[in-house]
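What follows is a structure written as structure tokens; I'll ask about it next.
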Amino acid sequence: MALQSLDITRRSGTTTPSPAQRKTMEVAKLIDVSKCIGCKACQAACMEWNDTRDKIGTNHGVLDNPMDLTENSWTVMRYSEVETSRGLEWLIRKDGCMHCAKPGCLKACPAPGAIVQYSNGIVDFQEENCIGCGYCITGCPFNIPRLSKKDSKVYKCTLCSDRVAVGLEPACAKTCPTGAIVFGTKEDMMHHAQGRVADLKSRGFTSAGIYDPKGVDGTHVFYVLQHADTPGIYSGLPKAPSISGMVSIWKGVFKPVASFALALGAFGAFFHYVIKGPNEVSKENEKEFEDEK
Amino acid sequence: MTNHWVDIKNADVIIVMGGNAAEAHPCGFKWVTEAKAHNSATFIVIDPRFTRSAAVADLYCPLRTGTDIAFLGGVINYLLAHNKIQLEYVKAYTNASFIVKDGYKFDSGLFSGYDDAKRSYDKSTWAYELGPDGYAKVDETMQHPRCVLQLLKKHYSRYTPEAVSNICGTPKDIFLKVCGHIATTSAPNRTLTFMYALGWTQHTVGSQMIRTAAMVQLLLGNVGMAGGGVNALRGHSNIQGLTDLGLLSNLLPGYMSLPSETETDYKKYIAARAFKPLRPGQMSFWQNYEKFHVSLMKSWFGDAATKENNWCFDWLPKLDKVYDVLQAFELMHQGKLNGYFCQGFNPLASIPNKAKLIDGLSKLKYLVIIDPLATETSCFWEDHGEYNNVDPSKIQTEVFRLPSTCFAEENGSLTNSGRWMQWHYQGAPPPGDAKPDAQIMAGIFLKLRDLYRKEGGAFPDPILNITWGYRIPHAPSPEELAMEYNGKALADLADPTDKPKIIKKKGQQLDTFLQLRDDGSTSCGCWIFAGAWTEKGNMMARRDNSDPSGLGITLKWAFTWPANRHILYNRASCDPSGKPWDPNRKVIYWDGSKWTGADVPDFKPDIAPGNQMGPFIMQPEGVGRLFALDKMAEGPFPEHYEPFETPIDTNPLHPAVINNPAARVFKDDRGDFGTSKDFPYAATSYRVAEHFHFWTKHTRISSILQPQQFVEIGEELAKEKGIKAGDMVKVWSKRGFIKAVAVVTKRFKPLQVNGKTVHHVGIPIHWGFKGIAKNGYLANTLTPFVGDANTQTPEFKSFLVNIEKA
Amino acid sequence: MQVTRRQFFKVCAVGIGTSSVAALGFSTDALADVRPYKLAASSETRNTCPYCSVSCGLIMHSLGDKAKNAHPSIFHIEGDPDHPVSRGTLCPKGAGLVDFIHSPNRLKYPEYRAPGSKEWQRISWDEAFTRIAQLMKADRDKNFIAKNSAGAAVNRWLTTGFLAASASSNESGYITHKVVRSTGILAFDNQARV
Amino acid sequence: MKNDPKKLLRYTPSERANHWLTAITFILLALTGLPLFHPFFYPLTLLFGGGIWTRIIHPFFGILMVISFGIMSFHFRQLNTMTPADWQWMRHLRELANGDERNMPESGKFNGGQKLLFRLLVLFMALLLLSGIVIWRAYFSFLFPVWVVRLSAVVHAAAATVIIGLIMFHIYMAIWMRESMDAMLYGRVRRAWAKQHHSAWFRQVISGGK
């Protein structure tokens, strides 16, 4: 039986608190899109470290490949050619799990412990507890988790929880040739990001900024964008992501309300029976059909 | 590289041109992003295509493929016209003030001395005017009409911004913006670095493109400076080392050269290479040529090399011409080559005009492949349908395929672009029966030597006498070989300045090439590598990465040739009085008694400032050459010539001389060149970030990341041709066709050139008919069989194609 | 009828009971666990990336501790953080190097293709070396040029050529040059040009 | 005697089988669905071999139930049209709840409450089916945009809650109204019961109609 190896902030499918007395350092991975050359080293390192291999596909008329996240590709580069006032810009965004502080996947997950959030901020899937319902996909504001056809488990970036647990940086951050991906404490990364934004502003990117969406209480993978006012131009990065209202109702208020209502109904019936008694055939009718008894 | 990878972080302006470092050298490219982030550097990409390097550039500047000389010539014109040169540097450290011989001329595209029949120049007028003392004449005022600066001004005055824009298709305002950025580095405390690769070399004027950049750097005073220089980003992990070791038709190790058949006299052979100073007080380091040469011959032939037999001079083959790879395949094509070896080289994919190559290989009697992978060349005789349509039963070539180890399975050193020789170690045994290259060479050689011993035969002497003292003769160890090329004392060596003192005992490893002798008392397999394995052990395996100056100079990491020097010509980083031009980049300095500093001085350590010795110690005149003398095949000043397949059918500068008059071109191949009438689009071939040449199509991860062959075209051309992204298209040149998926992009824009709209077609090279990625066509089906005049490098970067939906 | 009703209640009770028992017996899985760190005791070997000339530092991790009976096989490669140029980074090609080592297209045995044949046949190293040496010698003895038309000693062999590697070590390159030049070959080149 | 011929045939064997198939699948659906809805119920998955099996079989039970319920509702569709008399009947619910049936208007084979329940069940079954297909991740979810899936998840949970409530009511009524269960268990009811609760139907049967 495996042991608890990290301290836990949240655990899916669990209504009681998880052991969370110890507070580890909050970590974060910063992706500086303005430094990204789209070389896909992160994709390669991710596959290599995690021992996943996607299928060898085909070219679809773009440089993106694999075309989308899969159970084997936990990160992909998304390329968009955008004409701005500065001329042509090639905006290349590394897509993958954002490790939200308030994870929609975890909220939606019904299986106890299939998704956990460690106190260092990593949101990790525990495939052995995963039941394959795919609710996390419904719950994720960034469309990240992917269900494997082979084993009906969902997979996504672990932020190399196995490496971080022993004090190392994630494989993608280590390998990134240009330093577009950096890793450290969330505080340090925020400081680094602010420096980058200042540099970008000095180079005329007046709307450069940090993408650390408040709708999910911030993320542990966050971006520096040259055009933070229009995240949508980065291959559809959502402008103000948050856990969908639907998901909040479904896995939030509705859960206790519905359970309570049903319980109330059951109790109501019981008390009705006790107070009013059963509805039996009347004496007159019994008399009329005495032969039946 | 004159400088090295980490040094790029010191630059103020970085230009990637004739290369695409972000894709081909991503980890070296990090020093560009570092310079941007920590040195406020401006980063400019000049390329026909908006590359992944351009994705992070401050300024992207388009130009038509093959027009880099026009562009950089325009830059030279701009710098001279706006007086944005580092005048003091130019005066003291270049040949700007030297007076050129009367008779030198440039007219309508040709320099003086051209011989149309031979397609080459008589270069006798491309020389300095010498004084009675044998030294070159100079005019310190640089006003003499025949001084280099004035000739330079005159030559490039034609390269106006309008002319540049007309030839290159670069919008004039962007060109001027680039010039403005470049001009800022004429200040002594600002540097520019050029990063280039095969985007410059693979043209019929490739060497001259590089020279033009070097001239710009000399004018700006950026050579020898930290964050400056002209930096070749070599393509393969040890192509630097293999070049250093001289594995080329006409070279010997350490940039020494083989004698030609007219040089059968040993003394004359040496004299022609041991350049005497052209100015007083110059080091002219090649004066030591004989020491290096004799030590090499002692290393190869041991006791058989004696003073009496001129150190086996006769045993060296003599050249009648250069047998570069284009020449070799031409001979093959003519049926004049019987045997061919390919060691870790896949020429069927790497040499132009695949049809000609298949024809040549089919005429061989035997072909020996030494490779870790199943290459296309080894399988040239296999029928792979549309990708390789041949009939094996008609191919009579015997083919041997010998499995070699890969990097992970052997010890040894590789030399990177920055000339760092780094040692690596075996991590696992090779698969199956694979052997290291050295053992395969030993295996073949020992059998051959046995046969000559037993049977005799044609001139067996060099084969029988080659030194082979390896502990296990059939398995020479990398360590033994490294010690051999480093060199050792064959007798006790006395200190030349302090005679009785012995600096090296017989048998000891040498510390530096300065210890080499021309009397046969030292051996050294490659003089520039001396110092790599000394009595202290393997210097290439050193792992102290400390960088005391903060300039990225890590002298205790591995071994950097020459003499562990990181920045070449670093004497030029100080002014003539010995003070660094920029106090913040103190690479070396004069401390009152000697040269010292963060780097190993590229200078005689005890020559005080004010002495006449110039910083370019390899040159007989001690200064950098704006005027190349007779060193280049097509002229002392780079001139814009069109690619052999040009989309505009003319040269706007001189319509009578369209392309390089001295380029490597064979008669038969001229018929295979297309014109813009049938092939209207300018094509260029290149690598992409996900793949390495033709290797990674054999590896799963790389094949996943970019699985299938594609070509890139701009949206405008796609619209014209009715091609949508993802369509299969056929691209063909006069030499053949390929089919690939179309990537339609905004990153290729049509250019207005000489009154004509020119579209580019981009052709990544990585696919073939062997591998685990999707099979594809070898891109060299399309490319023309024509090469640079100096290096014979094929023109892969500029040719003509047509395209349509398949 | 009363019985029926009682039975019905019984069924309900059993149902609730069963589920409660299930609840009580609900196994306590680990709260959470990360994948075990796979490099904990692997053997490390320093190497250099064989692709481009940046020459990034590598750390190769192999199976086993290099004991006599443990056969090493490299299962993971990552950047060497001490390397002054690469500082631990690797590009997409370098990051996938482990798949190069284990490529299904690695050659394992010497092979021979006879003239006109459609297939490879496996041969021994000794057969390969012997046959190649014989072919070389036959060609060299027949076509070696000792003197040119002007009578000068040129000692060259022009009918066999050699293309050298671009990624083999300096040591391999050195011995290759030494051997090739001793035979008089001039059609000698490497990938520097292309 | 359970099958006293004097008793009236209320449900044929196939009708009963159909009902109980629906009922059993419904229970199984509730037991497999609730654990996916609220962690409180998650231990119920152990009845089905764990969470994964629970997730796998739930939608297949759903299909079975929909088929079974579909046949049943098609079969009873004409008996479940609301008439003015049924609406009249509905107005006396309070009296009925207090056990006072004296003033209840006559009802046929099914009373107004049963008919209304039937209609609600049809409605919510349809919602469950449609939303269930959308959130059936293994085969269908990828065909829909995420907002549809999210909406469906809410609809499915809500419809399930409602329908569980309705069925709890249905079961309670069967228990509360003594002898009702016999009809569905054994097929026949006493005439006295029939006359009391479904007098119109009673007369119809006695008079020889079916």
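A few notes on this one:
Which chain is which? They are A, B, C and D, in the order written, and residues in each are numbered from 1.
Definition applied: a contact is a pair of C-beta atoms (placed from the backbone, for glycine too) under 8 Å apart; a residue touches a chain by one contact, two chains touch by 3 or more.
Quick caveat: nothing in here was measured; it's all calculated off a predicted structure.
Using mean Cα coordinates as chain centres, the one most removed from chain A is B. More C-beta pairs touch across one of A-D and B-C than the other; that pair is B-C.
Chain geometry summary: the mean Cα position of chain A and that of chain D are 38 Å apart. Separation between the centroids of chain B and chain D, computed from CA atoms only, is 84 Å.
Annotation: 65 Å between the Cα-based centres of chain C and chain D. Taking each chain's centre as the average of its CA atoms, chain B and chain C sit 28 Å apart. Residue positions of chain A touching 2 or more other chains, listed in rising order: 39-41, 43-44, 47-48, 112, 129, 177, 179. In chain B, the residues that reach two or more other chains under the touch definition are 26-27, 30, 689-690, 700-702, 705, 772. Counting partner chains per residue, chain C has residues 89-96, 99 touching two or more of them.
Interface residues of chain B facing chain A in the complex, by the touch rule stated above, are 22-23, 26-27, 29-30, 32-34, 36-37, 40, 50, 52-56, 58, 60, 688-690, 700-710, 724-727, 741-747, 772-774.
Those residues of chain A that touch chain B in the complex are listed here as 34-41, 43-44, 47-48, 53-63, 65-66, 73, 81, 83, 87-90, 92, 177-180, 196, 199, 202-203. Residue ranges on chain A touching chain D, taken from their complex, read 13-15, 108, 110-112, 129, 131-135, 137-138, 143, 147, 152, 244, 246-247, 249-250, 254-255, 258-259, 261-262, 265-266, 269, 272-273, 276-282, 285-286, 288-289, 291-292. Remark: chain A residues 1-6, 8, 11, 18-19, 39-41, 43-45, 47-49, 112-113, 116, 118, 124, 126, 128-129, 158, 161-163, 165-166, 171, 174-177, 179 touch chain C in the complex.
Of all residues in chain C, those touching chain B in their complex are 43, 45-58, 60, 62, 71-74, 82-87, 89-97, 99-101, 103-118, 120, 125, 128-137, 139-141, 143-144, 146, 148, 150, 152-194.
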